[in-house]
């Protein structure tokens, strides 16, 4: 079964464009962050709550493939899903689509789970509820 | 006597431009911040040190007048000076000049002096050295 | 009669916060831009359409007063209204409010109307429909 | 022989930090861009000149591995080198090092060569001088 891709929308701001007249490539890393934040919120546990509960998800790596430019004022569809949950880290997948459905960018990121001082957490034992939450996302299937 | 204007340089980055092909206006507020940071460093007391000594300078207001566009890769000259030091706040002036000396933007900002919890500090009494430092800047005259 | 304030919402992104744990002050200039863009869209004429019709609204000045910090993930209410429409320029007012209604920042901006080469346009004669559009916004009253 | 890594410096600005008190991960993509721009400039051909000569280098992909956080006001060393030059594209490598030499991030990017309308250029034939320029960078060895 295919993974369920959680969707959210964002509108391109003027300051996100560059002198080529398109969205500057660095902003996709920020769109990915918005995408994973909104996925978590939709599924009932916000990133903000998680931080307040003492769990941080620092980015270990991010990879972006640029396919087609996006332009000012366009409403983008951000897609995010859990590729894989491990004991102390997680891998996420992303797509950013334009208003007409074309693929603008695709990519992935991996994150550790840590406390505020960036010390690794063993999720299963130290944050079992949150582990179950992400396990649920990992297993979510497209309808 | 005219105020001494403390100068620093910055190069316009691609992501700071927008679809008009010029520096996005919001970035001048960031240039002003760089300008005041570099003024302090040149005069022997970095903003970073100040924060580590427990004094913060939250922005109370900022005003920018845009004169001429700046473009990608241009080396800008940032000028900053102390307009006025008060007991618990400070007013700064700014100019941003292009590579050819033209005035791109001018403006000012005012800042409170606070502790980390944003409670006001009476500078003369609670941070006399820092007060003297800014008093020196306020009195600095152009040669 | 009081002016009608056109409202839109925006959620604070992680990259907009700074090491003080609050929204970096430069981002309010970007929120103001989102506020005026959304005001125009709500009233039936998007900034994007306007640019495509050959009219640009470069920023001449922007002034921000910071009142209370905003924090990560907070939904902000952006308010914008037309203070005054002149023959070749416009003045806008702004408020940014936190999730609890507190005033985080207030300010204003002024803009020229120009063609793509930044040459001033006499709006009444050269863009009468757009002039009428902004005149309508200027006269809009709170209910 | 090891590749020569071209170095430049950048100072972390306050607005680049986030609520974790460190540089927001998205900014490394911007540091990479500064790194490749400065490499080109050091070697005698600026990115700006290249665009003015009608050649663009849109980003096809970017990959970042985050190793250690960087903090406000830190002077970072940006390293860039040409991994491989192909007929119509190029692969670059990067390192970002902290003031104490620690590796903060490493990564790579690939770019196409295109005209302003983003149509691919066959570099050897259509821009032989620029091709030779990048060939020289690709062959540069550490001393």
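Per-chain residue numbering starts at 1, and chain names A, B, C and D are given in the order in which the chains are listed.
Operating definition for what follows: contacts are C-beta pairs under 8 Å (C-beta built on N, C-alpha and C of every residue); 3 or more make two chains touch, one makes a residue touch a chain.
Quick caveat: nothing in here was measured; it's all calculated off a predicted structure.
On a Cα centroid basis, the chain most remote from chain B in this structure is A. Interface of chain A with chain D: the two copies contact each other largely through the same residue positions, with over half of all numbers used appearing on both sides.
The distance from the centre of chain B to the centre of chain D, with each centre set as the mean of the Cα atoms, comes to 29 Å. Computed from the mean C-alpha positions, the centre of chain A lies at a distance of 25 Å from the centre of chain D. Chain centres here are Cα means. That of chain C falls 36 Å from that of chain D. Within chain C, residues 14-15, 26, 30, 33, 72 each touch two or more of the remaining chains.
Against chain B, in their complex, chain D makes its touches with residues 13-15, 30, 33-34, 37, 46-48, 72-73.
Within the complex, the chain B residues that touch chain A are 14-15, 17-19, 21-22, 24, 26, 71-72.
Taken together, the chain B residues at the contact with chain C in this complex read 20, 25-27, 29-30, 33, 56, 58-66, 69, 118.
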